[in-house]
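What follows is a pair of complexes built around chain A, which joins chain B in one and chain C in the other.
Here is the complex of A and B:
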């Protein structure tokens, strides 16, 4: 099965096996991964599922839409060139493994 | 078990007006929780006094959380979910906990089913067109100056009324919230009073479970007035699009009937809550002078003050869902087709989530997610608008205009409601 690995700010890692079609936000919220709130349910309206994607997976990601771009500017933690909203990244045939770092705060 | 008619205005069951008196009479007897297993498979909280809920719900919420955070409350014909974990779980699962509740008076009141009573994908089709209007950039850049102008206008009126007579709810919070909504929707030349009348008539209709013909008459008259205006506005905005919500909906490809239903939903739900947040914030700061002193010296703290006030005295206390199948929530088996009351005001005081000081107003508390705007796909569409128009503009401007602004203890304030809760009057004075 595809896997998502979430890295907490203190370095601890949690790897989930997930079904294709789920998003990084949905998998985290459903499995109680700390540090991902996902307040708006995936509409790119809140910026509380901010993650830093490890560079080796960047190629496999969809482009950042205007909506996601705008909301990333409102994220609580610093935006970097690795910043994405976890709700906008879907696990599919193109992306079967990913490792992300969770920022220190989402609110 | 089946649910009866959903009773609520806007977000669900009756605002505990109208049918409250009856419910209150029916629940006069103070019986303790029936050991539920005898009669049913779930805890029963038949001691809940609906009239007491409306005057001060927090002691009742505390007992529900301690004894049975998922409990059947026969007086309300619902399971009330009162802890954070339970409310959050309901909000994360729209397949089991549907927003499309049976017998929705909301649909009767505004003549069509609005997005708040739909699940995805139908909900998303209605909601997506206005999300861009309501994201932070549009709110700040396009609407911020409009909200400032409206605050300015009504601060002048408050100044004319003076520090011995002013009522912050009547003279400022209500008209500012109404004019902000008129502008953000793009309703053009309707008056503050007219939109307030519509909003109250829709809310009363949504809570009209006893089918009072006079309430329906007022509600239908308002629906007709709003529909007539929209018959003009929708074609107008198709020719002349702008940054307003009606324009976004009019140009979304949605049928005009969907647009009208959601505009009327917004009129119902987009006025009382920001209005209550103006008064909630001033009341909270006035009663916590040491914290207001911090806010006045560091304007960056206005965001925390707003966020803490909306958690502490949440304007929307409860909204309904309905189970589509049997399920287990927080260890309690709930049958299919059961009415659920998601009591976010109680979740927002849950010690298990916010710690022992959950019941206190503390702008410096560690940041934790709260549920005042809901969460999940129905997260309040106007949450950025509210944070900006009230938390960054209306309230800070009032303090700037009136140094020493505070609750006037010489006159009486009043609170009301639990489904929707807020100050119905707030006398204020200043230096």
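Here is the complex of A and C:
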């Protein structure tokens, strides 16, 4: 099964086995991963599911839409070139394994 | 200490979560009327109804949350009565004692009372069960009539068009979403939905429904006498707060459960938050009841601090969103019909914002497909930065640039 590994700011890691079609936000919220809020329900409207994707997984990601791009600019934690919204990243045939770092705050 | 929360929606779960985050160690019990894990409502009128999907509800919190945070969820349980003298909530089975009681009871759909309003095929949209019924009905629906051009009605109109249905929207008012939007934005959305093939009938309300040969709804007859064929009807005419229980407990009700600026009712042991609460708004300078995720979660965070002894007033900036087909509408602040407006951006290209000025100063911003403007507006309005119309009309002005420009805060 595909896996998602979430790394907390203190370094602790949690790896989830997930079904294809789920997003990084849905998997985190459904499994009680701290630090991913997803307040708008995955509409890219709240920027509270900001994650930093480890560079080795960057090329398997979907492109950033204008909406995601503009919302990321306003996320609570600093935006870097690894920043994405977890609600916009879906686990699929292209992306069966990913490791992300969770920022210190989302609000 | 013991907190009982009535309501398993966004507000109810957020305050449970925030109490723990803020260090509360007592008992937390959440009473949720619906069975199953509490879920996110916003996607129900959007992604959930998209064609070709087998959608799953998005939980507000996973099952492990309740275990990890030591929060008891009473699902499928109803609160029947409150005894404020004994600090007791009577449930469908048994009762719970509280030191603090939180009403997070939300709102319920208004319903029509006209002839034929209870015919099969006439739906509302609020709960997961409602969304499941619509998801099942949409693939075979042909002619859809929507009563009410509010957010729910128009989000559903976009979903129904995506399924290839003929869509007629009946709206009594002269503009869509008239309670929430400026007329500039309302007019733009009227034209936008018409360009997507929606037959939007403004100034035309519902008169009655007529059954078809199969006994299900067959037609909607409007207030002008015009008849529209309908095999599926969605009624989206707003909501009313769930405040009966509070009212029966002797709490003051005025379009919602009346609370002060700390979100407490007149009984200091009882609070109300989210869709069900009528609170004094620092932004409207009036008592308000708001229906939004932001209002639910921000009030929940605030009320958690009130329970733990804080006395500060709730002052968060209201913001809202709606996704209607290709149009992402985001609103920051509370626009008023008489606001002075200025449009920035590309209206024809569906990427623009309407800036609303009151007494010459920016008071609210409505954006279509302009997340950057929306987020900047939230920052500016929350900080109380005075953006004047003259400033906004300057060549090259953007809200985003204004965030980074030092400015003088206005005193409220």
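Heads up, the rule we're going with is that the second predicted complex is superposed on the first by the 107 of 107 C-alpha atoms of A that agree within 3 Å, B and C clash if a C-alpha of one lies under 4 Å from a C-alpha of the other, contacts with A are read in each partner's own complex, and residues count from 1 in each chain.
One rule holds for everything that comes next: a contact is a pair of C-beta atoms (placed from the backbone, for glycine too) under 8 Å apart; a residue touches a chain by one contact, two chains touch by 3 or more.
Computed from a prediction, not measured in an experiment: that's the story for all the values here.
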Practice problem: Kindly say whether there is room for both chain B and chain C on chain A in the superposition, answering fit or clash. | Solution: clash
Quiz item: Between chain B (first) and chain C (second), which, if any, makes contact with A:16: first, second, both or neither?
Solution: neither
Quiz item: After superposition on the shared chain, which partner residues are touched by A:100: those of chain B (first), chain C (second), both, or neither?
Solution: neither
Quiz item: Should A:32 be classified as contacting the first partner (chain B), the second (chain C), both, or neither?
Solution: second
Quiz item: Regarding the shared-chain residue A:67, is it in contact with chain B (first), chain C (second), both, or neither?
Solution: both
Practice problem: Considering only the touch criterion stated at the top, classify A:49 as touching first (chain B), second (chain C), both, or neither. | Solution: neither
Quiz item: Can A:86 be said to touch chain B (first), chain C (second), both, or neither?
Solution: neither
Quiz item: In the superposed arrangement, does A:4 touch chain B (first), chain C (second), both or neither?
Solution: neither
Practice problem: Could you say whether A:40 touches chain B, chain C, both of them, or neither, answering first, second, both or neither? | Solution: both
Quiz item: chain B clashes with which stretch of chain C: 114-122, 132-140, 222-230 or 366-374?
Solution: 366-374
Quiz prompt | Footprint overlap on chain A, comparing chain B with chain C | solution = 29-30, 38-46, 67, 70-71, 73-74
Quiz item: Within the complex, which stretch of chain B touches chain A?
Solution: 92, 124, 127-128, 131-132, 134-137, 367-369, 373, 375-379, 381, 383-384
Exercise. Going by the contact rule at the top, pick out the chain C residues touching chain A in the complex.
Key: 10, 40-43, 46-47, 58-65, 68, 293, 297, 321, 323, 328, 330, 369-372, 375-376, 378-379, 400
Quiz prompt | chain A residues touching chain C - in the complex, by the definition given at the top | solution = 26, 29-32, 38-47, 66-67, 70-71, 73-74
Exercise. Provide the residue numbers of chain A that touch chain B in the complex, in ascending order.
Key: 29-30, 37-46, 48, 67, 70-71, 73-74, 105-107
